[in-house]
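Quick one: this structure, given as structure tokens, is what I'll be asking you about.
Just so it is clear, A, B, C and D label the chains in written order, and each chain counts residues from 1 on its own.
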């Protein structure tokens, strides 16, 4: 937090995590980075996201963090999740090497499907380079999904950088900071 | 408020309270605590909650604060409450001594059940050590529940520590803090 | 704004106003006041509200501010408004002199009733001391009511003082302010 | 951001943009300006808005920014958009020269109409002075509209200046500002 100009100053570690039988799933926001333009304006450089992390169970209440896989939800994908009706499903495809020479070598697929008591959130990662194929599926209860919906809705304007558009702080204060 | 590094600097007392015939019920957020890691990051130490407090009526508009009982709603339980449909009910069980030698000696049970004009929110506390059995039931109107829903939704990201993920403050300000 | 300890330091004037044929209606939040306790905690002293102001039209696009009447919505009344279904109505009664010797002399009645394109929001003020009886009725479109709903929902935690429960600002910063 | 007294101190550039076959559409908040009154209060001078910008495609993934047209959504129009049901449509008309000698020469018309997978957002600008007639139509998916709804809802209180009504900052800090 307190990041500016594309640099960071000590992060916050406050994921929302659910531990289930076969895997754990955590979600945490990743803020956008900004760059300063010649005009003095700050422009969004890299958009923010909600980072989902899945890691497998390897025994009772034991999970293997080394085997984690990630999926970064864009603002629009977050929009899709928070507007999901109780019977709706959605699915996203990512290629982390898109536009590089490794394009198509790794395919990530996230799906959200309704079940009797909430949703299944599943991630498949097919990696042709490392010859691996990982699949995680985590049942998320209606209450847990409500937390995600509320937390993602709260985070969304921050991911977009819209929380910077505020008028709470008068100009004098900005001056104060610069002087100190 | 203004808590950091697990310390506090003067609290805020602003519960939302409803006074009814047999008991009063108040709700107030309890913020998470953070600890600083070697990396400089702040990590959530103890999760926040919404603290519900019930205390009995002992006469007309008189209530006995000494006989209060508490129930701390976790983020997921808050998620359950704010997503409750007008015909839905929910129920939570807590054991405040869980994982200690007194496990099972005190059982707390909170239930939320719809009625004609809102919900009944009830708390039962069975304490085998003190040989007590307290039960409170408070009718909460639709309007009062709407206040709780809005206030709990507002508080939820703060309970989770997600309000720390923001980018409102420019870097210069951070410098100011570090120097002092 | 920036009020603390029950004192004020220059207000904000940013009402949401709709001008209609027979009257104008504006809405603006009134923040709670706090008092500092011996423990150093801040306690809500007087609860906040949404102040509704009605004033009559006296010609084309001319309104008489001197003839205004006010109605202060409590947090629970705001909860009632923001949870109103499109076919629902609600009604509130206030006695501004309640608990004083003038109790019952002034009666204020606010009603919100659905119409084809939104709601009628009406205020009746019967003042037995001044022998007056004022009635205002303002048609509020669905879009205008959506603005009120969003703005009132935003304001609600602030009226309750719950925005004070946040953990965005580290302790060092507070120190900084005190030194200056 | 950090604007006060009607002046600005370096802006934020963080629009939400969707690029489609025939045109691109971006949305970004424009904050209100305030003026200081003799009483020391800050009064909203010019209301904020959500600025929509449309610009045409001129080839595959190429868009012509020079040919952009704008439409500034007022708070009430934003209220209309965020309360739109999935089958609803809405339409707004603006005359940017209203109340000037050029009144009626330029007519802008924004419409939002449901389709199978979200909405069509269309802008028509008829300019009698420059003898031009521009029309843009952008299909916005349900997920993209959900992002707009969440971001516009977040921005709405800021457009109205209601974010200035907050009580998060203690008095000492205010003192700092006044001294500088």
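Convention: contacts are C-beta pairs under 8 Å (C-beta built on N, C-alpha and C of every residue); 3 or more make two chains touch, one makes a residue touch a chain.
All values reported here derive from a predicted model rather than from experimental measurement.
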Query: Is it true that over half of the residue numbers where chain C touches chain D are used by both copies, so same, or is it different?
result: different
- line: Turning chain A onto chain B by a C-alpha fit takes a rotation, in degrees to the nearest 5, of 90
Task: Could you grab the centroid distance between chain B and chain C? Build each centroid from C-alpha atoms only and quote it in angstrom.
output: 27
- prompt: What is the distance, in whole Å, between the centres of chain B and chain D, each centre taken as the mean of its C-alpha atoms?
  reply: 38
Message: If I count partner chains per residue in chain C, which residues reach a count of at least 2?
response: 32, 161, 163-164, 166, 174, 176, 180
Query: Which of the residues in chain C end up touching chain B in this complex?
result: 32, 37, 39-44, 75-80, 82-83, 90, 153, 156-157, 160-176, 179
Task: Quick one: which bits of chain C touch chain D in the complex? Just the residue numbers, please.
output: 1-5, 7, 9-14, 16, 28-29, 31-32, 34, 141-147, 149-151, 154-155, 158, 161, 163-164, 166, 174, 177-178, 180
